[in-house]
Amino acid sequence: MKLYDVKLLTITCEILAQKNVIEILKNHDITGYTTYEVEGNGAKGLRGQGFKNEKNVKVEVVMREEKISGVVEDISRTLFPDFAIILYVSDVGVVRTEKF
Amino acid sequence: MKLYDVKLLTITCEILAQKNVIEILKNHDITGYTTYEVEGNGAKGLRGQGFKNEKNVKVEVVMREEKISGVVEDISRTLFPDFAIILYVSDVGVVRTEKF
Amino acid sequence: MKLYDVKLLTITCEILAQKNVIEILKNHDITGYTTYEVEGNGAKGLRGQGFKNEKNVKVEVVMREEKISGVVEDISRTLFPDFAIILYVSDVGVVRTEKF
Amino acid sequence: MPEAISEFLPIYLLAAIGLHGGIEMRKTGFEEMLIPMVVAIGLSLLFTLNHYQILRRLGKFNIFDSYALASTYGAVGAVTFSVGLSFLKNQGVSSEGYLAAILAVLEPVAFILAIFLTNMAVSKQIRTKKQSISDDEELDIGMKQTSTKLSQVLKESITGKAIVILLGSIVIGYIIGKEGFEPISIVFDELFTGAIVIFMIEMGIIAGQRLEDIKKVGIFLTAFSVIIPTINGIIGVLVSTALGLSLGGAVMFGLLLASASFIAAPAVLRHAIPQANPSLYITSALGITFPYNIIVLLPIMFTISTWVHGEEAIDLFNYVTKVFV
Amino acid sequence: MPEAISEFLPIYLLAAIGLHGGIEMRKTGFEEMLIPMVVAIGLSLLFTLNHYQILRRLGKFNIFDSYALASTYGAVGAVTFSVGLSFLKNQGVSSEGYLAAILAVLEPVAFILAIFLTNMAVSKQIRTKKQSISDDEELDIGMKQTSTKLSQVLKESITGKAIVILLGSIVIGYIIGKEGFEPISIVFDELFTGAIVIFMIEMGIIAGQRLEDIKKVGIFLTAFSVIIPTINGIIGVLVSTALGLSLGGAVMFGLLLASASFIAAPAVLRHAIPQANPSLYITSALGITFPYNIIVLLPIMFTISTWVHGEEAIDLFNYVTKVFV
Amino acid sequence: MPEAISEFLPIYLLAAIGLHGGIEMRKTGFEEMLIPMVVAIGLSLLFTLNHYQILRRLGKFNIFDSYALASTYGAVGAVTFSVGLSFLKNQGVSSEGYLAAILAVLEPVAFILAIFLTNMAVSKQIRTKKQSISDDEELDIGMKQTSTKLSQVLKESITGKAIVILLGSIVIGYIIGKEGFEPISIVFDELFTGAIVIFMIEMGIIAGQRLEDIKKVGIFLTAFSVIIPTINGIIGVLVSTALGLSLGGAVMFGLLLASASFIAAPAVLRHAIPQANPSLYITSALGITFPYNIIVLLPIMFTISTWVHGEEAIDLFNYVTKVFV
């Protein structure tokens, strides 16, 4: 069984920025992603208590290496200044490259 | 402190396939895993709105390298055709290898 | 776009140990982390059904390589004996190292 | 949909249906129930077979989708049943308590038949292949898996949460009777209609999100989702009237047969017939048949039942303004 | 806060408000509503502009925070409105049903104005830059994004969940009337006060967790969060009394104008004016203005309304012990 | 268990208990409460010490498990208390309102004792080691951690959510009185029994999932989980009758002492005595003692209280059919 190298981009941000992130993914022709609500602490303080609007969300995207750079740049440029957000990239292996 | 290399297998699939995944893990003598509900988008469309049955679940398994291949093959063969599902493998380091 | 190498520490433990984990992070001057509730199976049995107190939680921390060792040692020493807990470390790339 | 609603309300509805049913059954006893139940099971099986023929022959669906859809429409829907009860309550009409027991018994019937037949079909295919090619270990495994699956699904659907709650609360209702019900009647009786309204609002929102999917269902299945329940429901009303059920009981009997399953169906079928496309049976049952049944078919069946019971028909115009309350 | 409460209760409150409003409107018709609604919209816009001047000039907040806060206080709060209704009910005083419709219409007004003006300001800046430097593709994109955002936010807030539920239940209430409401009145009427109490307990816990944040809000904004609602609310009571609203109606009208939005505001503003610091407007609206409004301002407005309507004032001392029930 | 139930219902039960207690206390005042409360605290401490001896000496459990179990059974259970209230209500028997305050005060007592004694034991061990080996910085840290933990746990359990809600709603109930309670009585009174039923259904399902665990608990602990509550409960009934409590009050007092904590216990003990095996105390308290208390012990205590109060005993046979409603 052969595994192909691709990238996993993980974005953790305030839930109200989820739409913006997915919009950016769409602009790069990426439609596969996974999301879930999380809580957390960071530069913008403790998040996740209280109302749903004040939660964080994680968005995880498995994608080909060549797309990473554009997506990360767009997110950094448009969302880093105003939103509670972090992102990181890691290496993963998948079976079906045609899916990503 | 020494970290030992093992693998992390992550499966994201429709919640009704969780049982099948865990069954396969069991067939390979793997009983340690972590699961949580997520939402997502993929080839089978947007998932996670509406009823619980229509959510996705992530199953994460830390395991020794030698078991990965068998598990991934079994999942690919039996679940890929009929279910909304993706999986990926990554490298992680652990302290207590005897646990996995 | 340049990505800088840092570490991602993932701790999966019973929810009542979350406070202890975050206390340890604080002792190492780490205030950024992400948490979410999960279910799971391991040496201490199936966890996550029933009352909230019996759930598991994942704590994820992106941090510089040099801090990993101290944090992992503290967790191993104080929490491994009494709690349902596992941890693993992986490599990730980030854009803004100054955040971690 | 907040989990508060999606997970809690179905349990609540089942418990309320069961308690009421049990209390009523205490008054009437079990004997009366027997014939209607046997007839209901028979009709459910018959309808499932009939749906399959229509879907496979006329609709050109594959075997898996055909069986999945056939059983979705042969099965019953507890939410639809709840709405029916609340509709009758509003009309001041009562129904036989044992219908709750029939609901519980009918729940797995159509699925078991469909799963059995699907497995037969698959085994036959495998066997044919096997003979034509040669001995093949994998096929053996395939067949074994197939039959394990059937018994497992059978066991799971019979010990499933819905049936346990429903039968459990029938028993409790039977034991406590009207008097023991008093202190909890506010929760399980007076709140019933309001709870349904809240559930329906949320279901409306979900259905709205699915409008896209409904378009993909196709003209054939859309017609099926409206015509089949109508026929099944009317047969149900007439047959049960012939069996001596009351005006309200005949409406509920018809509604049982008309209803499609949209909560149990995916949970059962996704494991038992994973090859079937779930968006077909969920969308048609939830997006088309459910609203059709409660808005259009329910008052039609009520009118028919009123006729055949020789009582004055309801004022249909007045009804339209009240359907949701 | 358990999701059961945070997600479900706001929906429930909106539905209950809407149903009551609709039922009342059936009695009175639409004509009466027109002038109060136009006046409410006018005042909401006027107040928003006024808040902006105060925050920008006196408070030295930046453009984004100023517009965000201005609209938070120009907008309305459905939870505050609910508490007001339940307060009046306890006092045995009724109010005009169409106020629910005004609540629905006012919901987006202040936001739209603030977003429009923020975008104007941003475009001007961009244009100035552009002229001074040179043609720049990026600025073009910036402007395009800005205007797309406005129309998108407009569309989203008008078709937002809150407004749909509110208007939808007004329509339903109007159709079903008092009689159709009967079977669900236990859920949407009798449980109303209890549901608010539960919601307020949880909100109290959340507010308690924010005590730290409130300290950070600063003296100016703290004063603003108390004085502005007081002025707006009293103006509301007086104007609506002049327009002929009843004692209770004038209190609710005043409360609408006094209330700040803390559920809708973050959802709308975080997308429309992401540069604004959300903890400013959430903390001041939820942590200061909301408790002030219901504990202090509501009985004050009630007293004023009683005076200007020439009826006997409530016993304020007695009120204090009852404010939460 | 849906969060709607697991997180929301305990809060609701505490609030309802507190409100009722506060309203009743308004009638009777505080003086009466003093002696019963002191006696309850004394008995809770005494019982905890006694449990420890039994578990350590006879049961051969280690120090940690012994103290954890001892305090679990020395502490009180709010859910059990709720069921008792609803049982009395069904019997038409009232009880002293201040029992809610005793519930609140008893909540942390047994835990504090057990934690204190565990820490003493650990410190002693550390000190012994230290003397025998040599100075050792780590041991110093160990001791410091131990004593910090005690004060922290003390602070946390006293300011814990349960106690705050319980005392808060006693105060509110006291202030608003019967009249102020009117508009929310539907939520906090009439829905009470129904809410308990729903909670118990879910708890039954959880207990069912634990059947495996119960087998692991062992014969000794199983016997302990039945015999100890019986003794403690009967002592409670007799002592409180001697103190002059009413028929119903004595039952509730006995139930307080008989009950084991299964919601608070894990939250407190997991931090304070992490070395103890949580499945021991959760399973025995929730899986054995809780059902035993409400099904068997409650009617026994009721009967005893009826005897010692010289009134006619309940019809035990009739009770069995009603226990859950």
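Going in written order, the chains are labelled A, B, C, D, E and F, and every chain counts its residues from 1.
As a working rule, a contact is a pair of C-beta atoms (placed from the backbone, for glycine too) under 8 Å apart; a residue touches a chain by one contact, two chains touch by 3 or more.
Worth saying up front: this structure is predicted, and the values here are computed from it rather than measured.
Engineer: What is the shortest path, in steps, from chain D to chain E when you may only step between chains that touch?
Structural biologist: Minimum step count, chain D to chain E: 1.
Engineer: Find the geometric centre of each of chain A and chain E from their Cα atoms only, then give the gap between the two centres in Å, rounded to an integer.
Structural biologist: Those two chain centres are 34 Å apart.
Engineer: Please compute the C-alpha centroid of chain E, do the same for chain F, then give the distance between them in whole Å.
Structural biologist: Centres of chain E and chain F (C-alpha means) sit 44 Å apart.
Engineer: Using mean CA coordinates as chain centres, what's the gap between chain A and chain C in Å?
Structural biologist: Measuring from centre to centre gives 20 Å for this pair.
Engineer: Give the residues of chain E touching no fewer than two other chains, as numbers and ranges.
Structural biologist: 3-4, 7, 186
Engineer: At least two partner chains per residue is the criterion; list those residues in chain A.
Structural biologist: Counting only residues that touch two or more other chains, chain A contributes 36, 90-91.
Engineer: Among line, ring, star, complete and other, which one matches the pattern of chain touches?
Structural biologist: other
Engineer: Which pairs of chains touch one another in this structure?
Structural biologist: A-B, A-C, A-E, B-C, B-D, C-F, D-E, D-F, E-F
Engineer: Report the residues of chain E in contact with chain A in the complex, numbered from low to high.
Structural biologist: So the residues of chain E in touch with chain A come to 1, 3, 6-7, 206, 209-210, 263, 266-267, 270-271, 274-275, 279, 282.
Engineer: Along chain F, where are the residues that touch chain E in the complex?
Structural biologist: Spelled out, the residues of chain F in touch with chain E are 3-4, 7-8, 11-12, 15, 165, 172, 175-176, 180-181, 183-184, 186-188.
Engineer: Any idea which chain A residues touch chain B in the complex?
Structural biologist: Against chain B, chain A makes touches at 1, 3, 6, 8, 31-36, 62, 90-96, 99.
Engineer: Within the complex, which stretch of chain A touches chain E?
Structural biologist: 14, 16-17, 19-20, 45, 49-54, 81-83
Engineer: Report the residues of chain F in contact with chain D in the complex, numbered from low to high.
Structural biologist: Against chain D, the touching part of chain F is residues 2-5, 8, 86, 89-90, 186, 190-191, 193-195, 197-198, 201, 321-322, 324-325.
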